[in-house]
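Alright, structures below, take your time with them.
Both complexes shown next keep chain A, but they swap its partner, so chain B is in the first and chain C is in the second.
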Partner chain A sequence: MPRPVIIYNYQKPMKSLINGRRQAAPLQFLKLFELYKNQRGNAQTREHQSMEKLLEVKNLTTCFVQEGREIPLVDDVSFFINKNSVLGFVGESGCGKTMTALSLTGLLPGKNCKIVSGKINFNGQTINQIKEKDLKQIRGKEITYIFQEPSTCLNPVLNIKEQLSEVVQLYCKEISPEQINQFLIKQLELVGIRSPEEKLLSFPHQLSGGEKQRVMIAMSMIPRPALLIADEPTTALDVTIQAQILKLLDKLRQETGVAIMLISHDLNVIAELSDYIAVMYAGQIVEFAKAEQLLSKPLHPYTQGLFECLPKKEHNNQNKLKAIIGEVPKSGNFPTGCRFHPRCPQKFDKCAQAMPALFKPNPDQEVRCWLCSD
Partner chain B sequence: MKRILKNKLASAGLLIITVISLFAIFAPVITAYQPNDINITDSLLAPSAAHWMGTDLLGRDLFCRMAYGARISLIVGLIAVSISVLIGLLLGSIAGYYSGMIDAIIMRFVDIMLCFPSIFLILALVALLEPSIVIIMAVIGLTSWMGISRLVRAEILSLKERDYVLAARACGVSDFKIIMRHLIPNAIAPVIISATLGVAAAILVESSLSFLGIGVQPPTPSWGNILMDAKASLGIAWWMTFYPGLAIFITVLGYNLLGEGLRDLLIPRK
Partner chain C sequence: MLRLNKISKYYQLNKSFISAISKKIKAVDSVCLEIKSGQTLGLVGESGCGKSTLARIILKLISPSSGQIFFQNQEITDLTEKQFRVLRQKIQIVFQDPYSSLSPRLTVKNIIAEPLQAFKQKKKLIEPRVRELLLNVGLNPEYADRLPHQLSGGERQRVGIARALATNPELLILDEAVSSLDLSTQAQVLNLLKDLQAKYKLTYLFIAHNLDVVRYISDHVAVMYKGRIVEQASVKQLYENPLHPYTRILLNSMPSLEKKLLLNKTQTPNLENQSLQPDNQGCCFYAQCNKAKAECAEQIPELKQIESGHWLSCFKPKEV
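And now, the complex of A and B:
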């Protein structure tokens, strides 16, 4: 179905009363969500599958330890992903989304980054403290990862068949060397690559960006994982390919039952695919809600600001784009109290004094804001 | 291959090496004599139609000895370099991949090995063990791996951070496979150049050792050997010093040219 033209219908004026709540209505995202909802499997399958928790993260804190100082990159993050559903992670660059994903799989860079506290529960098993040997059973097999830049993620001196065979030899040992070719052709067809026999023998520099990302997705799906972490899979691709990759991810979710953790800074991408959305700012989750809830009624001022920042059609004649004033604080230099309060249009005195916890104004939504504390 | 032929240095070097190698491979075919055919009556004959390069003190045809000597020199050069490349790749990749304490230990070991003057080390080793071709090859190999290990370590330190290594780790590939399949093939370019130049150096070392009498032992011919024999008849028989010297010079030149040409081809410079 063709992408709908985004029409932003209305915008209520901002209320700056102390306890006022801004009723932003990012209708375009809700429309997008509704329009694509039918493509994402019928309501029946989506409802009953999403109750079982596949991954549950509680109070995860990852720090960068330097000269005795601990700089938190991921601070007290809690979320969950249900089986066969999609969790969208939104946030600006540097807010800790990738660090969270890397902490889940034990791929933190360098020896100075480590998980300091928290609990990660995958399929009933706690995986943050287990040995590397046991983690290797899960990473790559049950939890797989696709990266942002497909062009650098493939070894330039090996052809596609050799790279995929590596994963096949690890996880599908029952396939003999003669059958590998057929098996790989089927995997490439599953991700929508045309003429897979030729592509198997070609090198990464001979494929286009979209094809390379599809190869990466195929590589991650070979062991039929339970969770696929997609770290900004479409950021390096152009918009038409972006749509195809997202459709592919959804198709894989329907056909193989995999759950997806989709990380992006593009709200369109998140809105199109997610069941639950988590918004991160400065290493913390500031809002975590079901997609419909967040898209129709975002409660945190940062989320509201994000929706506001997008250019709107009827503001054609006005020259200034709306922006959230200020900039993201660097790790280690966080303001006291709420980390967003210097940039928040609705702050009041409690915001600078104490860090808000995650409040639950309704059962499907958690917000880290003093405005929602009552 | 086309790119190699387009590069003048590399193709000149390749040509020289090919000629010398053919000379060595077809040694029994192109010579009428045997390298150890002693014939005192023909001693120290000047180059002529019967003996293209003349004869030595014992009447052995010099051309034939040179051809068989080429075999020895080339084999020693190639195998010694292979040994040093293997050791260098092994230690360099381990040091580069598992940086930290292991890296520090290996690099200090490399520093210690570099402190030894290699000629004296080789002399001492050969004096302890009897000089034979195998010992020479092993000894030259064991004293020239340090440069390669440093090159490999430097390449791997930078390649380790590439995304495809992270992707392979995310897929659960073991460390050994990552080093063998992903890191070393991408790090091999400076190693090839260093190995080519190393063959030249190895040939020189072998010739020096044979000249000193502790390399390849007579009667097996080697270019250095022939030079040693030539010492006795220095003023009388110019051909005995000229031809081996020329051969060593040309072979070393050929490998150096090939190495320089490969350096232009393999190290991209923008």
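And now, the complex of A and C:
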């Protein structure tokens, strides 16, 4: 597990905020908020917007370099996210979902991890080739993150207000210090926190798991990002709270027009929210399709296997689950040919010999399997 | 096989001279349960509702404040450690996190052999028994000399199961045993548990929060909320006809492939921050229930059988 990424500046003394910086032009933040809402969340424009590509990743390869050897963590991954839509990333642990997400904004842990090839196109900019200084304008402002474990991502010695105002200070310069309190209350209300005035002054340990995750969501929504990357946002939460957080993410998508990249190992969670779904296995995307298409007719044997692993109503003592045999291979230890072939129930000779390319059996579906090569 | 009669576990708050009356937190509150031999009881509820405390009470790792535990028609509540030792072989547990529940410095062989040694198994019998156990849980016997860090999550959980099976138990408590596993390994382990149950006539107490998994493995399900059992029924009854408002909320909160959760526009009530209140009167779900009546605040509804095998603790199940 990589260290949680700090998307705000800790070095900046908090005093500068309290003592008051020079006030920017007095813009009414509430008006601003309404403006955003109208601009991005309008129901009519949504349909139109969701056709435009916000992020396009082409042939991204991220490697871990060890003793001169390159071990691919993310291998030749291509996908896109449309504006105001949700892309779900599903796969088992160690498949490279999180590494893909971290590669997007250059947050890879350590010097040994690096992007070897590929292009990441965000809003017309190739962001893996720009300077770190310019990237900082995008990361944390245009692209924000929510991580799995909310309790480890919040600073335990600062109260919620201090942590949230750092984001405001960095990215919403039009909000003056006097307005901050009111603005933050509004933000906490937006993510459904009860009695926000009180909660602003509490510390992370005083909040429940669900509230912490809501604070994290509020923090990542403050700069009004165009893309929100939610990495297992509900895995650590109870079922009832998970349901609320999923509904909240859906609401935020509709109201603010943000696009969401949702990473989860739970197919049910992915199915609830996603417009497009990418299935990852051993560092590669093995299937990428429109959600309805993938859910109704999965083509890759791994995707089919995942669906069959889900316990359903019709399963009972006689009718057992069909588990995929074996385990996910470790990176650097991938089998030759198709990486899934040792576990695949439908394998044939060709699978062990050559890696299949991404075939397009339907216009909205890409599958990395020889069975779809015709 | 196992019967719990009004088991409670209270924890004292404010243990000081100053406060005259010390408050009590009811971690587990008069729980009555029954597990029949060879069956599986699923226990569901949110984190902090007392599921694991109950498991520990059954194992006698902590002693209950009141109530009785019957195991094979014998009361074990007040047995001393020495007297209970014989029975301890019959009740075993598999823990949630396969990473922290196996000692990193012991080989797989030693991990599985430990309960055998503890119960004075003859030395020359241990090695073949470990081999047999490894084969039973679907691991290659060559794994015996490996260390836990060389195994994957699913393999570790299998070692945990093999260790629990070492003493030929009759009741196996599975405390979130598949929660931390990946989807494909989870399915493998679930199938393994079913096979083992059929082979050795095991009885399971299956604690989990994933309702789909519980439906798959259980014969009966008990729903727990704030230390109390609010509903208990057979799988069919509970999933097709849930009666307690909390059970309904739980079932409605499950995300599904058919997008039931987001299509369902009704707001899921906020159950956050409902920590255990000391000495509360009335129904434990009163504050969150949207159909609550005055009597719900004053009296605790008892767990009553409303139809054969369906137990419920709610005053007005029909109206809800």
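In this text, the second predicted complex is superposed on the first by the 324 of 374 C-alpha atoms of A that agree within 3 Å, B and C clash if a C-alpha of one lies under 4 Å from a C-alpha of the other, contacts with A are read in each partner's own complex, and residues count from 1 in each chain.
Simple rule for what comes next: a residue touches a chain if its C-beta (ideal position, glycine included) is under 8 Å from a C-beta of that chain, and two chains touch if they have at least 3 such contacts.
None of these values were measured; they are calculated from a predicted model.
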{"item": "When chain B and chain C are modelled together on chain A, clash or fit", "value": "fit"}
{"item": "First (chain B), second (chain C), both or neither touched by A:N155", "value": "first"}
{"item": "Partner chain(s) touched by A:V328 [first = chain B, second = chain C, both, neither]", "value": "second"}
{"item": "Which superposed partner A:V239 touches (first chain B, second chain C, both, neither)", "value": "second"}
{"item": "Touching partner for A:N268 - first (chain B), second (chain C), both, neither", "value": "second"}
{"item": "First (chain B), second (chain C), both or neither touched by A:E92", "value": "second"}
{"item": "Partner chain(s) touched by A:G210 [first = chain B, second = chain C, both, neither]", "value": "second"}
{"item": "Chain C versus chain B, contacts on chain A by residue", "value": "C"}
{"item": "Touched partner set for A:K114, first chain B, second chain C, both or neither", "value": "neither"}
{"item": "Chain C versus chain B - closest C-alpha approach in the superposed model, Å", "value": "14"}
{"item": "Contact set on chain A toward chain C in their complex", "value": "92-93, 192, 194, 208-211, 238-244, 246-247, 250, 265-269, 271-273, 295, 305-313, 315-317, 320-325, 327-328"}
{"item": "Complex interface listing, chain C residues touching chain A", "value": "46-47, 152-155, 182-188, 190-191, 194, 209-213, 215-217, 239, 249-250, 252-259, 261-262, 268-273"}
{"item": "Touching residues (chain side chain B, partner chain A) in the complex", "value": "100, 162-164, 166-173, 177, 181-182, 185-186"}
{"item": "Parts of chain A lying in touch with chain B, wherever the complex brings them together", "value": "105, 107, 111, 136, 139-141, 144-145, 147, 149, 152-158, 162, 166-167, 170-171, 216, 219-220"}
